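Just passing along the structure, written as structure tokens.
Which chain is which? They are A, B, C, D, E and F, in the order written, and residues in each are numbered from 1.
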Amino acid sequence: MTATKTSSEGTASAPETAGLIPMNSPTYIDAANFLFTEADLLDELQYDAWLALLAEDLRYTVPLRQTRSRADQAQSVVRTMKHFDDNYLSIKARIDRLNTNSAWAEDPPSRTRRFVSNIRVYTTDVATELAVKSYLLLSRNRYEHSSMMFISGVRHDRIRRHGEGFKLVSRDVIIDQSVLGMPNLGVFL
Amino acid sequence: MTATKTSSEGTASAPETAGLIPMNSPTYIDAANFLFTEADLLDELQYDAWLALLAEDLRYTVPLRQTRSRADQAQSVVRTMKHFDDNYLSIKARIDRLNTNSAWAEDPPSRTRRFVSNIRVYTTDVATELAVKSYLLLSRNRYEHSSMMFISGVRHDRIRRHGEGFKLVSRDVIIDQSVLGMPNLGVFL
Amino acid sequence: MTATKTSSEGTASAPETAGLIPMNSPTYIDAANFLFTEADLLDELQYDAWLALLAEDLRYTVPLRQTRSRADQAQSVVRTMKHFDDNYLSIKARIDRLNTNSAWAEDPPSRTRRFVSNIRVYTTDVATELAVKSYLLLSRNRYEHSSMMFISGVRHDRIRRHGEGFKLVSRDVIIDQSVLGMPNLGVFL
Amino acid sequence: MKPDAFCLSDGTTLDALINTDTREVSMRVLSDAEIYNLEMDRIFGKAWIVLAHASEIPNPGDYVTRDLGQDPVIVTRDKDGRIHVSLNICPHRGMRVCTAEAGNTGIHRCNYHGWAFRSDGSFVGAPVEREKMHGDVFAKESLGLVKARVSLYGGLVFATWSHDGPTLEEFLGDVKFYYDMLFCRTDSGLEALGPPQRVLINANWKTAGEQSCVDGYHTISLHRYLLDIGQYGGIGDEVYANAPAMYGVDIGTRQGHGLRCIPPENTFSAIMGGRLDGLTPDERLKILPPPGITPNLLPQLRKHLSDEQVRLLAEAPPQAGGFFPNILWVFIYAPNAEGEFVGALGLHSFVPRGPDHFEFYTWFFVEKDAPEDTKQKMLAMSIFYMGSSSTIEQDDSDTWPHMSSNAKGPQGRKQTLKYGALVGENKPQGWPGGGFVYEGFSKDDNQWQWWLAYRDYMLAGKTS
Amino acid sequence: MKPDAFCLSDGTTLDALINTDTREVSMRVLSDAEIYNLEMDRIFGKAWIVLAHASEIPNPGDYVTRDLGQDPVIVTRDKDGRIHVSLNICPHRGMRVCTAEAGNTGIHRCNYHGWAFRSDGSFVGAPVEREKMHGDVFAKESLGLVKARVSLYGGLVFATWSHDGPTLEEFLGDVKFYYDMLFCRTDSGLEALGPPQRVLINANWKTAGEQSCVDGYHTISLHRYLLDIGQYGGIGDEVYANAPAMYGVDIGTRQGHGLRCIPPENTFSAIMGGRLDGLTPDERLKILPPPGITPNLLPQLRKHLSDEQVRLLAEAPPQAGGFFPNILWVFIYAPNAEGEFVGALGLHSFVPRGPDHFEFYTWFFVEKDAPEDTKQKMLAMSIFYMGSSSTIEQDDSDTWPHMSSNAKGPQGRKQTLKYGALVGENKPQGWPGGGFVYEGFSKDDNQWQWWLAYRDYMLAGKTS
Amino acid sequence: MKPDAFCLSDGTTLDALINTDTREVSMRVLSDAEIYNLEMDRIFGKAWIVLAHASEIPNPGDYVTRDLGQDPVIVTRDKDGRIHVSLNICPHRGMRVCTAEAGNTGIHRCNYHGWAFRSDGSFVGAPVEREKMHGDVFAKESLGLVKARVSLYGGLVFATWSHDGPTLEEFLGDVKFYYDMLFCRTDSGLEALGPPQRVLINANWKTAGEQSCVDGYHTISLHRYLLDIGQYGGIGDEVYANAPAMYGVDIGTRQGHGLRCIPPENTFSAIMGGRLDGLTPDERLKILPPPGITPNLLPQLRKHLSDEQVRLLAEAPPQAGGFFPNILWVFIYAPNAEGEFVGALGLHSFVPRGPDHFEFYTWFFVEKDAPEDTKQKMLAMSIFYMGSSSTIEQDDSDTWPHMSSNAKGPQGRKQTLKYGALVGENKPQGWPGGGFVYEGFSKDDNQWQWWLAYRDYMLAGKTS
């Protein structure tokens, strides 16, 4: 199983046991810490540091979800239209924007928290790359709002060994809403 | 400490150290992956595959919660009345329903995500069985709803070794609401 | 990096690799289980048992958050004003209150669940002490309310070896709201 | 400028909402806040409402907190065993007196300033007696909790804010004859299996209310899965063709209560086959006893019911019915997952929570004198078929919100609910019971009666 | 007591909300529920509204569910390829007929009781035919879904509840000449890249509506980042000084539709430099083709457009515009992250969801006959510039809620939106198109026309 | 059709809501949206409202954003040190001008189109000056932010929308004599320990408002834990019996402001014992200084206060009081967890957010010239006793929502808040201060005065 294959299917084919790396393996631990560090950086607005974790051949996609009958579930994940369809350069351009003093939608910044759980790490057909599946619950709060905005989903990542750490090679996020409850996706998933 | 004893109390007697299995033990890892796989299957509507993880002597219960004074906390978990009081056959019957083309309450299906955390695994008085305690946050979204429905709680499971994997022998879920915020429990916890 | 230094900064300086303890280390496992046990005790209203996990030189703080421009982010964590600014004695006094039969704000008690994730454990400059960083999502429900109240944030803890277990030496919680959505902080974070 | 009591602020008259010629109801009634507020006064302020079952508060001092319409109340049993219903609002400064859902106490003390009340709602006094903090304006006697009028039927606790309206007996009218077969048939009667499930539904209470009296027809479509899995013995098409369970006898009343009686073999033809043909009532009851009735209880039926009631219970027992405005009860004849005929007894309340929400309560009942094992089996089966996780009713709870939101838009609120298909009164020869009796396919007669009752309450006092 | 149709319940008259002397609009219109309800009837009940693009439902039986104003509808293609728009509310008891967002079926069966409808909305029948459960009050012919009037333009599916109002042609009026350059310029026309993104915004629909026609001025402040990162070739101050992209031609109409035409070199002076000076239209189009037009499609332009249209498209192409009341389209000339001039074509709908909310829809388009690779690049670029994660529009979606909540307070609702800066009609010599033409800096003329159209709808029928 | 300004749409007159004979207030005022909107105009549009403390914005350019009633405002200090309060709504198109809660800037530029304003609210200009985008309708002078009238007292920043109403001095009236003892007693005065805590409460603002003036009685029940843990020296019953802290002097005023003065030994009899008997004011103040006053500051008291004020401060200091309509301040004499007498000074604001919500603000104060160590101890103690995590006030914040939801139901909104227990004016011989003085047990006199003031505002201009 590979992240690419999985994500191209739109939903993971579970249970995935092939290549599953046990949680006590240093590889799993490094991968999990990579996800946690990444969450820290984004929650703490350290965009440049986060960018440094992205591979230059990055594919970053967030397909649409649609409400479809059970018989049509294959179409509940829409890939002809997306919320994100980015590569390294377009993500960098987004961060260039955030680094100006006029990216109002995130200035004042949202207060976010990225809860990462249900983490599974898999070997892939590429020796230096791992497939990582994780659940993401993103809480987001702005201004004087007394309730949190949430977005939930599953992330199918592929990460590549790079020196001591990793680079994110691809991320495909299957979110759980057809109609988003936050005014925009001015935050990364 | 055993899952049964715990759940029959309605709330876990914490801290539970007796028989606690460390997170780096293969046993803990297998149990945790069992919970993650199970979450995948339910979130991906693979009901039959999930059913295959249930033991035929399954007990699946979700007691009521009630708002009671601190002095009456023992009664805050109500077992004379429940939300679920199922066994293998009744769960199978629920899945038979879901497999028809007319289980409207979940067709179109909800978009769910089962966040599993705070996982503890314990040995039990039965060599082949483990007691597993985990926190569950279930997010559920339907139709064009822009906000998520949530249900939270703690699960007291007992799982039994079965070949490479496990079977769920019993699950008791202590939820955190007296009045449910989702229109039904058409999804498994 | 130490919990104190981190918290005094208001936000963690990520990525923190110095002194990071791998997840398969018994030390990490003990620390994680300490957080889970603590969550159990608070969720199950066992305040005295929780108090027993606190060091007598405890510092327990929850600074204010404010909506500030990106350029002023350092001021988004306010320490001249706080939600909690407690020590062991004041926490004990809060629990003495909860142990009366007239702590109405939590009698009938809230139904809470403390989801702990993104856990990192670090060595510190004190051999017997660990710095622990974790994300907290607290769900809280009262009375007949059909929706959950949530509070999210990151906790910077310092814990000290004590016999088999640990004692909480300091906790600083960076929450994600400027305006709280729950009527009070009658629950510990 | 006092507005006209029978005219909405946009000029629409209340009776224009229900067209008695075409039997249409404007969907606006499912979303309009002004109409909702009138309902709270004219229906939930007047009708008898089911709040609890006496078995929930067996002992002196026991209490549960519920809602009578949109007002919180305490249902208590006093030291003499009498049941009282009092407004759960402190006469001093409006704090909620009981903050728990249930408990036992002889004195209800308000947290805020400590005013205390007895189980019967009467005022005990305020702290620091010597300072007379209850004041000098009102006598202690007049400072008790506001009381509702209470009356019991088959253990069900009914209450109303109307102290001079009809008695519960009058309110029930003709349905009592039928409902006795379920609620008043044994020596010890029914008991509730603990407190009710509670679920908030994002819909107007009437989406469930109008269905509760008694929409039999939706079963083959909304609950079609029952047929698709062969529940009714047979597969899809064949079943639809004859739709066996759709045939029976509907009984409606002017009060808006109604029920359906169905020969059990209609429902389970395949299962029961001809086994019941030409048997006496008692023989039938032995083979297929009513839900909850165990062999040891069978003899009691004749003690509490007339021959006619026993015959009906054997041949065409009530299977679903309601109390106007917001109660549905269901007595299910069905095999459990193990194939045993256990049966389920449940009751729902649809408690209004504003124009767009109601709370969906579910109680389950067993015969108090049934064996514990039977009670446990009935609990499991009731859960499977009714309430929060019900394989049947989850379809209903997913449907009601659609109706409610559809009633909001400018076009939607102009649409109508239609009750065009009537059987018409056709009481069979020698039918023992009263009410409007419709034999045959379950059509719209009963639900239309429900709306006529609704109309009576909303237009009460109108001198057209 | 029928209220005055042009007076709010607090005595304020509708025409007092828009001051035509000072060109001010009361902020109360952004939060008042009473005004909102009138809009639903008088604007969304009367105007032609864009619901979908025909390419979303290419095959017989295809359907999507949308909202026409605040009412749910089904947009279908019948077996003969005709497109229909029907109210997604069952005539029986008001259930939602289609619960999915899209699919393909010849028969839409309502879950609740099984009433069935064809793609054209007509009634098929109710289950158990022999029992005539559709009743005896209405003929089957009259039990179909409520139909809206449908008309297409450039593949866009417009619908209206007004069956006797103006035709779509009349509704579009003078903007057709301009919009043809975008929607009707090639043999196969545009196709939608799948279904629209949907986002709920906590704001009144008009916060986005008034901006859509066509607030050019906010670009240099709200989207200032475009300048700060040198998007417009140049750094901050210098750019503000001449604000190149702010100069062009605005066209407004009495119907409330409006657009902006901007010479592309104004926007990208630094990038284009003088390269385009003194070239013929065709030469210009080769160098900087309109978004979506690839070399193979260039020849088609002249087949579908007049010389004047081609010249305009080459020299001052439409870059943003709207359809009153709730549509904004944007045709972006801009390089993608790799520096390629790809361009993006998008359309937004602002669907009302009560006074304080609207749903923000985003469709992306490509020329059906463009190469797949171009389509993929346009998708990525469209996402970067428009919709949920747009680097530009996330600033707008964070702004609208502020305006809406500001309009709630007692002082806030007394404030006004101001349209004080006008260019005034100054149609250039030999300008080929119609409408009110304003050449120069993009000012308030167009948005003020939008409010005048709003006023016309709200006061329609008023005999002052 | 202009509705009667003193009559609700259902025909109820405003003065019928408050029964001055029986001293009852209809609970409807806690939930009715129509009444709420009138309050926003007649109370929050007229009264002086506390927004901030000057020490929050010490430097030129400093600002904080707050809400004056339900309208957002910016509280700024201009380059000359003057404090201004301006509506945080852009005069152009209604965008929020300041989106941060605090900061420092000389120019407030609106994100949307870049209009700029000075700290005093005056209009600077719009981008691209030459194009005069501020229009030709209004002069630049008239395009500034809407200003509120500002006045300071003891560092508290008061503002009002009423430019011709009473001065702050007149508004304060008799309470100034008392409040000076707390807010104006030292050379440098008080400073705020940073910005306020903010918590949203699901309740009507008046549930907290009526309590704030000054419900002493609820302490022994709602905050009974204080007694149960022996806070007041003594265990349960004994304490209730004599309820020491309930005895003191309440002062009310026609303006609706009120306070309570309590001899500290009443509160801490057990702790203080007889130690204070027969001492001079100065001796008393040395032993038990007012919260925040450290030995080095004691001498300053006599500089700023009269002998009578000093004596009162020593013998019966104000411990709680309010500013009508929505402010409560508390000066707590109590030992911290270490047993030190540190004391806490806090102020709350109850900011309306619609009929069912208010925002609960909490500021803490220290004497600017107190040692840093004292300030830190007071912060910790203030947090322990006041605000979001307060061991006392969490009981209040859990109570207010109950009252509010109880006021919604058809029965609930008919109930009343009662103020039956009066002490009656009994000003002690030689009592130095003004206002209505009630010595003895803390009863309903003060809170009733609060409602009479409320009534005055709501009925202002009524010629009965």
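Everything that follows uses one rule, which is that a contact is a pair of C-beta atoms (placed from the backbone, for glycine too) under 8 Å apart; a residue touches a chain by one contact, two chains touch by 3 or more.
Note that this is a predicted model, so its numbers are computed, not measured.
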* Asked: Which chains are in contact with both chain D and chain E?
  -> B, F
* To do: Chains touching chain C and chain D alike, please list them.
  => B, F
* Counting C-beta pairs in contact, which comes out ahead: B-D or B-E? -> B-D
* Given the pairs B-E, B-D or C-D, which one repeats the contacts seen at A-E for over half of the pairs? -> B-D
* Structure fact -> Whole-Å distance, C-alpha centre of chain B to that of chain C, is 27
* To do: Using mean C-alpha positions as chain centres, tell me how far chain C is from chain F in Å, no decimals.
  => 32
* Between chain B and chain F, centroid-to-centroid distance (C-alpha), Å -> 49
* Asked: Residues of chain A that touch two or more other chains: which are they?
  -> 23-24, 67-69, 101, 103-104, 106, 108, 115, 117, 137, 142-144, 146, 178-181
* To do: Specify, in ascending order, the residues of chain D that touch 2 or more different other chains.
  => 3, 9, 99-101, 111, 198, 200, 222, 224, 359, 395, 399
* Touching pairs among all chains present in the structure -> A-B, A-C, A-E, A-F, B-C, B-D, B-E, C-D, C-F, D-E, D-F, E-F
* Structure fact -> Per the touch rule, the chain D residues reaching chain F in their complex are 1-3, 9, 37, 40-41, 44-45, 68-72, 87-89, 91-96, 99, 109-114, 127-128, 131-138, 146, 161
* To do: Please give the residue numbers of chain A that touch chain C in the complex, ascending.
  => 23-26, 28-29, 32-33, 36-37, 39-41, 43-46, 49, 101, 103, 106-109, 111-117, 137, 139, 141-148
* Contact footprint of chain F on chain C as seen in their complex -> 62, 64, 66-69, 72, 75, 78-87, 89-90, 92-94, 96-97, 100-106, 142, 178-186
* In the complex of these two chains, what residues of chain F are touching chain D? -> 3-4, 7, 9-11, 22-24, 27, 30, 210, 217-218, 220-222, 224, 240, 243, 246, 395, 399, 402-403, 405-412, 415-422, 441, 443-444
* Can you list the chain F residues touching chain A in their complex? -> 99-101, 111, 198, 200, 359
